[in-house]
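Presented sequentially are two complexes of subunit A, the first with subunit B as partner and the second with subunit C.
Let's look at the complex of A and B:
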């Protein structure tokens, strides 16, 4: 098991390298450079050239990339070009704010999704299957930023029960009042994971239910609850993979939900960095998010291997 | 892990009790800005003029300031931290500034000539220990005229410009002054200073949460008793999404929002909110490419375009948050002059001009315009441009759009027509500032053709250049006022731009907000504002 983990972690290294080179390359394709966005439009070409040199953007691309890489490997994520603040500080606080939304959204989305999927599968073809499947599809299909706006209109503007936007706290929510700010964004964020997980769990459960060993279990005299347990255990690996991916998506910070609710998470940070061509922030954010994805996939693989001995071999 | 949890909850409860309201409740004005981030609080805010409006002028003052007290006339300059200034008649590159005495920074240190020199070094001298790379770049971009400076006395300094420029006071108005003592106390680092800023203005920044909010508190030691703040605290929130701002205002989370969505204005008014508009020095134009080969090289085509837009209809589309533009300045501006062309909607005249230029139903004008999806001062680019496109199609001008994001449009703006970043556009839709005559140089003088400066389309008019060259070296304001109308007439008649609308700076506020004067400026005086209970 330990070998397995170490091997998988080592795989992460070339992946992260690849991601960082890809991001760096893509950024060069976007028109303009950070200086163009930093300076007001009336800046003269001389001033632009001077600033470009001061920030090192006149260097050849491979030199720029390697100096960034060298600093990053030493733990120095650099400074934002736009506001001069250290990247690490901004990035980790943004990630924290996204976690505050992502974890409850994942719990809600996965919990609901698994429930809907399992119940629908066990009652396949009946009314409850149709209703639950429709709910799942709705979760995936309706644009969630639209749902967000509608929820805000109802619960904030009209009923005044919940805040319309904003985090309402700094750092970490510590009171019931703070939790009110979480309700609408978490519900909105949980919709897509709920829909996707419900569909996958339903499909995986149905597939397992159709196998011969299930009939054998019934024949052996196991009660329903125990059969369900065996079925779920077999359906779990496929579902876990999807849940891992969905959690990764939540961690990336849904830019749309963060925009509507004015939540200063990592999606918001990355979006800003892209529009401002703030290369240090962009690169650091994407590489860190890629690292999280890799870590998540590793955890999912470990979980799958733990549940299904066939994978360990 | 029960014990640490209980301790935390107990601490939180205690903190809650301790922060209970004192006997007098503080007035807190909450404002939602359109910027996506809290503008930098180092005394040289980024995020354009909105940054200057909220995190600039209320906290850090310039030598020469804007008078924002009147809603009825365009904002003019007034003494700020300098009580008077004058160019030396013998050598007009030398400007003497007499500084205001008895002014203290928020940290208690004195404002004097040494402080001003220190700030000039911060922005213009890259060898100084306080040199601010990004703040310096922004200041140098807005104020490229400063060559050198001298201290003449404790309250007198001289700034030398690179060449004689009568409009220098308008340019130095964007150079804000921060406290040298506080910078030293912050360890000589601008990032640290941004967490404990200090200027001389009626408000001081008392808290910054990056990307979340900035808090301004009334400064009781402000030097101008006529302009003391009437609210105790202002909280500023970046809120780039218009519907989010609207929801925040309507649900009572904030008291004042910048730029409500125009469609929401009737609803806001009927719900009892105040929607404030006023002219301000803004223009929403197309900048024509006038170089050879462009359909807009012919003045008749440019004039035809100006007659082809139904501006009144566009204003209705925007629910009254814009006014038709017939020139760079609004019609009631002292510099408007008496142009031959009065650009009202006149499709017949447009068609006649196009026919003279050799176009017609079998030979329409085809032009590509680069537009953005959003941006500072850009209003609602997509629906507005579609409206203009429909208007123009009726007279035989077919517009197609290259839709890009704001940063990409700015890059195109910095490059000459025909270069790669302009993506073959024949015109750019970029909103611009018209607050003082220094802008006329950058927009229209032939020596400022792109990529040097803002004369993107390479307009060249010898009479216009002549007027502006004379004005630059003429330090008599009355003489300048006398000739500027002629310059504007040339701009209107030769139509280097399609003049579409002026934005009317809409803001929406709860009825509790009192005393706001909507100055005809990109900036506003927050000291007038009070909150009733």
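Let's look at the complex of A and C:
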């Protein structure tokens, strides 16, 4: 098991290295000279030269890349061009707010998804299977930024039950009143994971159910509840993999939902950085989100191997 | 997986002499199964209607989609000849939705088509060649997999700037890696099957092996997967426009229309929700068709 963990860890290092090259390369795609974005058009050539030197843009690309990589590895994410604040502070407080949404959304989406998937699989072909599968495919096909608006229309504009936008608190939610502003974004975010997880869990469960050992378990005289336990244990690795990916999407893909609800998370930060052409913030946000995604995949692989020894090969 | 194409096997034998007993044929069976699948047929019908109304928008649209009228802003459904109401600058919603389908469908389908061409080629090569070529292609693919798809699309679009071309480019780049993975995995499976080995032993060259043995057996699963990607692509491309990273106003595009009508939810909620409803309906159709094809073709792939 330890062996497997080490091997998986070693596999992640070149990927993270590739990620850093890709993100650095993406920034080079920005048309024009980055200094032009910082300075007014009437800036003197001396000032331009000075700024170019200060930001290290006069160095060859590979030197720029290595010095950026070195600083990032030491935890120095640079300073925002827009407001001069350290990127690290902004980014990690924003990430905290993204987690405040992502964790309950994941719990809700995974819980519903697993329930729908398992119940549908055990009633394959019957009405309940069809209804639950329809719910699942609806979840997968929903543009979440649209359903966010529809939910606001119903619960904020028409019924006036829940706040339409914003957080209503600083830090972490501590009272019931604070939780009200969480309800709509969390429901919105949970719909896609619900659909995806339900579909994968249903497929995985059906595959296990078609195997011979299930008939053996029944023949041995196990009651249904015990058989279900065995089936679920065997369907778990495939389902876990998808849940890991989906949690990553909740962290990295919440930008649209955060924009609709004006939620000060990492997605909103990235959106603002794009429109402000704030390169250090863009770079840092993308790298950190990708880092979390790789880390999550790593954890999922290890969890899978812990459940199913065959994967450790 | 059913083996469909015996035309190259054995490569040099007289096929007429070996002609087997007539069987229904794989594609005929697939057609039969689909013709019994009501859900797939209905969603294909709805999708066809959406596509046709986008293609023939200039003929159907009752008004100029770009001509506003300050006196008829944000009118409800059925207002004075505006069947679906008007938007925030008084433009006819029905006309804009019809025209909007053009950009939205293009932004949904074109990236997947290009990604299918590029990713499919790379994936089949990786799967067929194996060894160092496979390692090289797949490790680069792994790096792209370190980003959630929406994050990668937003990152590339944010760097390149707005516009339809940049949307298409960024989404193509986003969809190449998943298509490489699927094509590599099915090609690797097919490559190990006995009939490929037999063809190789009979002296078939690599290119003819790919053409006759591999492609016919991997295209089905890859296409099924690509259909479900179109659904995602429509959501993502409209999402990019929604963020202001896609096409620019006054273009008619569903994501952009949804965004510009966001403030109107307090005045005309139903009209404001229409563009999103169309994104949802189109994406749902593609997902249902993908599911139907998967069942009819008996494809087993992991998404």
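The working rule: the second predicted complex is superposed on the first by the 283 of 313 C-alpha atoms of A that agree within 3 Å, B and C clash if a C-alpha of one lies under 4 Å from a C-alpha of the other, contacts with A are read in each partner's own complex, and residues count from 1 in each chain.
Heads up, the rule we're going with is that contacts are C-beta pairs under 8 Å (C-beta built on N, C-alpha and C of every residue); 3 or more make two chains touch, one makes a residue touch a chain.
None of these values were measured; they are calculated from a predicted model.
Student: A:252 contacts which: subunit B (first), subunit C (second), both, neither?
Tutor: A:252 contacts subunit C only, not subunit B.
Student: In the superposed arrangement, which partner chain does A:83 touch: subunit B (first), subunit C (second), both, or neither?
Tutor: Touch status of A:83: first partner only.
Student: For A:125, using the defined touch cut-off, is the partner it touches subunit B, subunit C, both, or neither? Pick first, second, both or neither.
Tutor: In the superposition, A:125 touches no partner, neither subunit B nor subunit C.
Student: Does subunit B (first) or subunit C (second) touch A:163, or do both, or does neither?
Tutor: Only subunit B is touched by A:163; subunit C is not.
Student: Is A:26 touching anything from subunit B or subunit C once the two structures are fitted on A? First, second, both or neither.
Tutor: second
Student: Mind working out whether A:276 is in touch with subunit B, subunit C, both or neither, as first, second, both or neither?
Tutor: In the superposition, A:276 touches subunit B alone.
Student: Touch check for A:293: first (subunit B), second (subunit C), both, or neither?
Tutor: second
Student: Which partner chains sit in contact with A:137 here, subunit B, subunit C, both or neither? Use first/second/both/neither.
Tutor: Touch status of A:137: second partner only.
Student: Classify the contacts of A:150 with the two partner chains as first (subunit B alone), second (subunit C alone), both, or neither.
Tutor: It touches subunit C, and subunit B stays clear.
Student: Which subunit A residues come up in both lists, the one for subunit B and the one for subunit C?
Tutor: 30-31, 149, 152-153, 157, 259-260, 275
Student: Write out the stretch or stretches of subunit A touching subunit B in their complex.
Tutor: 30-32, 35-45, 47-48, 51, 54-55, 79, 81-86, 90, 93-94, 149, 152-153, 156-157, 160, 163-167, 170, 174-175, 259-262, 264, 268-269, 272, 275-277
Student: Show which residues of subunit B lie in contact with subunit A when the two form their complex.
Tutor: So the residues of subunit B touching subunit A come out as 8, 12, 16, 36-37, 40, 42, 46, 48, 133-134, 137-138, 140-142, 144, 190-191, 194, 209-212, 237-241, 243-244, 247-248, 250-253, 404-408, 410-414, 421, 430, 442, 451-454.
Student: Which bits of subunit A are touching subunit C when the two form their complex?
Tutor: Per the touch definition, subunit A meets subunit C at residues 14-16, 18-19, 21-23, 26-27, 29-31, 137-138, 140-143, 145-147, 149-150, 152-153, 157-158, 199-200, 238, 248-249, 251-253, 255-256, 259-260, 270-271, 274-275, 282, 286, 289-290, 293-294, 297.
Student: What part of subunit C is in contact with subunit A in the complex they form?
Tutor: Listed in rising order, the residues are 139-140, 142-144, 146-151, 154-156, 158-161, 231, 235, 238-239, 242-245, 258, 262, 265-266, 269, 272-273, 275-277, 279-280, 283-284, 286-288, 291, 302-303.
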